[in-house]
Amino acid sequence: MIAAVVYGPDGVTEYDDLATARDATGTTWVRVSDADPGELDTVAETFGIHSLVVEDVRNEVRAKTQPYDDYAFTLVKTVELARGDQSFEEEILAEAVGICVGEDWVVSLSVPPDDPVDRVWDAVRRGDSRILDRGPDFTAYRIVDMIVDEYFTVLDDLETDIEAIEEAVTESTDIGTLEDINALRRDLLAFRKVAWPCREAVGVLARGGPTQVRDETEKYYRDVYDHLVQVVDLTETYRDLTTGTRDIYLNTLSQSTNEVMKVLTVIATIFLPLTFVAGVYGMNFAGSPYNMPELTWRYGYPAALVAMGAIAGGMLVYFKRKEYL
Amino acid sequence: MIAAVVYGPDGVTEYDDLATARDATGTTWVRVSDADPGELDTVAETFGIHSLVVEDVRNEVRAKTQPYDDYAFTLVKTVELARGDQSFEEEILAEAVGICVGEDWVVSLSVPPDDPVDRVWDAVRRGDSRILDRGPDFTAYRIVDMIVDEYFTVLDDLETDIEAIEEAVTESTDIGTLEDINALRRDLLAFRKVAWPCREAVGVLARGGPTQVRDETEKYYRDVYDHLVQVVDLTETYRDLTTGTRDIYLNTLSQSTNEVMKVLTVIATIFLPLTFVAGVYGMNFAGSPYNMPELTWRYGYPAALVAMGAIAGGMLVYFKRKEYL
Amino acid sequence: MIAAVVYGPDGVTEYDDLATARDATGTTWVRVSDADPGELDTVAETFGIHSLVVEDVRNEVRAKTQPYDDYAFTLVKTVELARGDQSFEEEILAEAVGICVGEDWVVSLSVPPDDPVDRVWDAVRRGDSRILDRGPDFTAYRIVDMIVDEYFTVLDDLETDIEAIEEAVTESTDIGTLEDINALRRDLLAFRKVAWPCREAVGVLARGGPTQVRDETEKYYRDVYDHLVQVVDLTETYRDLTTGTRDIYLNTLSQSTNEVMKVLTVIATIFLPLTFVAGVYGMNFAGSPYNMPELTWRYGYPAALVAMGAIAGGMLVYFKRKEYL
Amino acid sequence: MIAAVVYGPDGVTEYDDLATARDATGTTWVRVSDADPGELDTVAETFGIHSLVVEDVRNEVRAKTQPYDDYAFTLVKTVELARGDQSFEEEILAEAVGICVGEDWVVSLSVPPDDPVDRVWDAVRRGDSRILDRGPDFTAYRIVDMIVDEYFTVLDDLETDIEAIEEAVTESTDIGTLEDINALRRDLLAFRKVAWPCREAVGVLARGGPTQVRDETEKYYRDVYDHLVQVVDLTETYRDLTTGTRDIYLNTLSQSTNEVMKVLTVIATIFLPLTFVAGVYGMNFAGSPYNMPELTWRYGYPAALVAMGAIAGGMLVYFKRKEYL
Amino acid sequence: MIAAVVYGPDGVTEYDDLATARDATGTTWVRVSDADPGELDTVAETFGIHSLVVEDVRNEVRAKTQPYDDYAFTLVKTVELARGDQSFEEEILAEAVGICVGEDWVVSLSVPPDDPVDRVWDAVRRGDSRILDRGPDFTAYRIVDMIVDEYFTVLDDLETDIEAIEEAVTESTDIGTLEDINALRRDLLAFRKVAWPCREAVGVLARGGPTQVRDETEKYYRDVYDHLVQVVDLTETYRDLTTGTRDIYLNTLSQSTNEVMKVLTVIATIFLPLTFVAGVYGMNFAGSPYNMPELTWRYGYPAALVAMGAIAGGMLVYFKRKEYL
């Protein structure tokens, strides 16, 4: 889908023909999204955009800013969290949006649909004066800003996941919990892989690299840059948090083993001596005054029971002191 | 709440009208704190402060220093430790204070109450000559210095926590101890996340970035910068210490398991052979000279008892040597 | 094997004599691959290539770019994954390809066969106009680009390995699984050791270091550089993933030990008390009204069985609650 | 304590009055150590030293070099190892020494006694010609050099500790050993925290930052800088070594658990089957030709003993093969 | 030992007197090795070498390059692997060789014997034309190159150690294996501590820092620099490998504990129930039709044996399914 508008302080006009739109007075925005094969090439030809730019958008490479002779090219990634049972790295859905900013035109390029761009597009068509009269570089800033705002939504969802796992972790030692922690860490890794180059790409704009970005707009890019610094910061923090959570999980497991061992030890330590005593009095020695006289002693059995009770009680006191019980 | 004072070597005057205060001779300080919606905008308009600055103060972004055309903007964070059973990252309470330093004015902006600023405000109104005649950049330094001094109070509290946990850790293997360690590490993480950008923001001032900071004041900012370097250093050190504490905790647990195992092994190893011997003499073989002649031997029972005692004694000596006991 | 071609907008000619090829009008490409001893030296002499360059190609040193007076020297590594039971670091097969770019000539040097170069060589000989009229630096770019494209193939294979191991890891605690994880980590290490210097070497070309690389070609090298950044990124990510996988493996093992302990504890805790009770009633006390009157009680045996059943049942309920079962 | 000397190629004179000493021809060294409240201020006033410098010395901040208009200020830390049962971070005793180097004067400032400075002070008063005629910056170098030399003494003591712990670690699994390792790591951390900023402070002098340091003296500061690089290096290495030691300690513990388990398993696996056999022949089946005919078989008992011996022997062979014994 | 030669395109002459050698036409090389006390000072005086240089050689400080007014000073370390049962850090034997390169002279200084320098010395005396006519900086390069070549020999030996340990690690859980791994890691640490500063020192020469190094020689230093980069790289890789090996070792140990537990559990779980059954039929209940009628049932004993066999068989099937067997 290709669409073109031209706008300025006086208002907004939609155009069908790209070349006419390009040459009209005012800021020209050509938006390619959900692109058919060939649409990218058509627009690139009209605006003199290098084939490497088109390749980068098609291949969805890492975010970057690259100054060309007549325009500045920025590629950023939209991010969405696709929950569900998916294969490796698929949960963080990242799609590329390329933005070329020329003297009086801006071209946005995306092969999949570019939802966050919609809101800027609508604002322009509604005639939002905060965009119309500020030139193509400010329009580009608004697109980038919208895309980066989505990053915080994703981070919020990931924080919710972290909190859920922190609850779960002290309650059970289900192997699934560790897999959840690992999946979360992987999502954070994938997200950071998207956000980090994006920060660098916006940083180039904020430091006023390309000449197409005017001083006033630089301030706005610095604002986006600050947001991206915060995004990357939070991602690192979240990774650190999951590390702590994993430690607690693993420790809960060790703790469980320790407690199982204690139960076993208490039971065995109480009953093994008792069983031995019972075994002794089950022996069949006989026929001599030395051979088990206690068996026919009047109080033999009660005495044996008392002795066994004493052994068991002593053991229980011992374990109580050692805090096994 | 908006308040305005103008001061210089000759004394201090309070003003109600912002524009009059701005134009009066001397250093003008306008302080917005505990702000109603709209108060920030009113002040920003009077002093020509960019809307991005107001947004940064509202959103409580990371600390930073940003030079604008007519003023230098610095945002720092006040820090307070809110103990109690709170959810993620809530224990380190960080509030933003924005400071704009112009030619002959300083504006401080904060949406929540800004307690550490109070002390500087009081000093100015008392006519403290160490502030009055040193211009707006020195007043800004005093505000930043007060805020950073609070950081050390928070660090002292965290150090107290560390020492309490280090005591606890060798005494019990309560799962709660590991959770305390983790909570502490998280506090340190959150604190470092606040202090690190603050260090960078003050560093820009100390290196004399914005023209509104005079050479003499730079020296004072270098002093604050040194303090912030120390704060970040200490945070790292504390994290390292908690790592060591966690190791000791985990080891105490392994040690406990090891000792439980030893108790079990000693008991089982002593009583299993004894029970076996007793079991042998409980067998009912009879009716042949080969079938258990020891049962009717005159000293059979005492001999069996002695043999069992010898086995038990031997085992005890063996375990003594292996240091199980 | 030495081969030489000269080409330009007008077409391609093959040459047998190196000096004639060097002096012919157009871009001269001399390709040495699968080199006999001495072939490198012959070509180096003809084109005035420094002996250190030849040594670097022979010793297959790390990738690098080094500007010399009359030419720029770049060494990159082809990579292949040689599966099988091989000794240390042998699985990532890396071979060196050296490329010298002069005013109007390019020399490619390799001691082993240089398969990825074949495709560029064929394109030139077919008269591919996208190469012929763009000079020697663009030819060099195509060679480097082909070699780097293979890196992604290797990474895809490694990703397949990772996914296979992630499946295996929760299913068994076979020691072989950990060895597989370790072998994979080692492959990633070896691969990163190849890719990292390659990224730096191409980075020098992308930043336009050597004068032999024209501005237009720099853009293409920036593209390859982006790919290499992505390659190194992915390698780091894969290492992080294998770390997570190893954690799950180790945890599965701990989990297994924990469960084995529980089985043992349940069995011992049920049968030790029962065996003790049976042992008591196997004692031979007799000859007194206090000595085991229950043995001749009419319902003695059924009562004992019921008691033992109650003990066993109580234990089972207890373990059910503690989630051992 | 305030003391003042003036010296040059012609000899050394002690002065009581600070202002006279300052104005006398030659290098003036004023030394404040073990300072009463107020002594620092007195000297600072005489030599025009900034109040921030005095504050830094009082607060014993991190080491640093700060150029002021008329002098260069360097703060370094003396280090001493205070063994004993002390609370957190108290074992590495660090005291601040501030040194201001002016045109023809040097002022050394310290609140506690500054022992390493004594040796330089004595050398000056003895008229050591290697110091007298080389100006105030060389005197400052000698003080810094003396202080840094002490660092190696502390490192030697820590290395001795490491070696003692490495001996201990394979011999016992005393929990105290892990605490010793942790205490050592903490000492190394505290020491590194002192040495690292000191390295940076001397680095500034070695690169010839302040104008008061002449080219010839820079070479000497480079030498101290090299020493401090080595000190920091060693500290890192020692930390790595203690990590290895901790691993061995933890492994020794796991090994111990493993061996305890083996003892238990061997004993249980031998005696449980034997006890079962004995239990079988202790059963009271009777009154039928099928009920335990072996009990009255002529060789029943010897056969049972032989069978039990065979079972035990088989188990022992099995465990021998599995290397449990 | 002091020796002096002077050489150039015309040949080589040995000299006894240092001053004469210094003033002779051609490149003068004075070599001090296996030095008596005082020999370093004698040479330093003749060539105007700073006393700090002599101190650095005596103290065997870290490798470095330091430009002085009339010469460039480089200190590198020879490395040898001293196997055997030695104390901490003694296995990597590093000796210092200092090299001063002047206008037309080179001085090499070493307190211990400097074996790798021998080969360059011999080449010069043999009149090797690749050295004679290339000036003192090239001679210095040859010495450094020889020393660095030894690093690869040491690395090869360490790789052999790694491979040996990797074999051993899956075969036994001998505590000695972990100590071997740790010793190897320590050797790698010590080696890296030597190689890292050496890389930096040669890097200064390769970037053409000192004026005494001519452009042509810089290329050769770049070559040595590449080798040192590879050396440091390999050291890091080897450390990573030993980390993997340690993981496998520790896992083998856990695996062993797990298997021991399984053996114990299988045995206990089979024999505890059987022993219980046998115990039941060893009870002495009698004198009532409810008291153990099975004891006198015609097929009581065979039925009990069959029941016990069934229990044992069921357990075995259960454990087979749980993969304990």
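By written order: A, B, C, D and E. Residues from 1 in each chain.
The rule is simple: a contact is a pair of C-beta atoms (placed from the backbone, for glycine too) under 8 Å apart; a residue touches a chain by one contact, two chains touch by 3 or more.
According to UniProt, the chain labels map to these proteins: A, B, C, D, E = Magnesium transport protein CorA.
What you see is a predicted model; the values in this text were computed from it and never measured.
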{"item": "Contacts common to chain B and chain D (chain labels)", "value": "none"}
{"item": "Numbering shared by both copies at the chain E-chain D contact, with half separating same from different", "value": "different"}
{"item": "Centroid distance [mean C-alpha coordinates] between chain E and chain C, Å", "value": "24"}
{"item": "Centre distance in Å when chain A and chain E are each reduced to the mean of their C-alpha atoms", "value": "39"}
{"item": "Junction residues of chain C, two or more chains touched", "value": "254, 257, 261, 264, 268, 272, 275, 279, 282-284, 292"}
{"item": "Topology of the chain contact graph, where touching chains are joined (line, ring, star, complete, other)", "value": "ring"}
{"item": "Ring of chains, enumerated from chain A in the sense that reaches chain C first", "value": "A, C, E, D, B"}
{"item": "Contact footprint of chain D on chain B as seen in their complex", "value": "159, 162-163, 166, 170, 219-220, 222-223, 226-227, 229-230, 233, 237, 240-241, 244-245, 247-248, 251-252, 254-255, 257-258, 261-262, 264-265, 268-269, 272-273, 275-276, 279-280, 282-288, 290-292, 324"}
{"item": "Interface residues, chain C side, partner chain E - complex", "value": "50, 52, 55-56, 61-62, 64, 66, 68, 87-88, 172-173, 175, 178-179, 182, 185-186, 189-190, 193, 246, 250, 253-254, 256-257, 260-261, 263-264, 267-268, 271-272, 274-275, 278-279, 281-284, 292, 294-302, 304"}
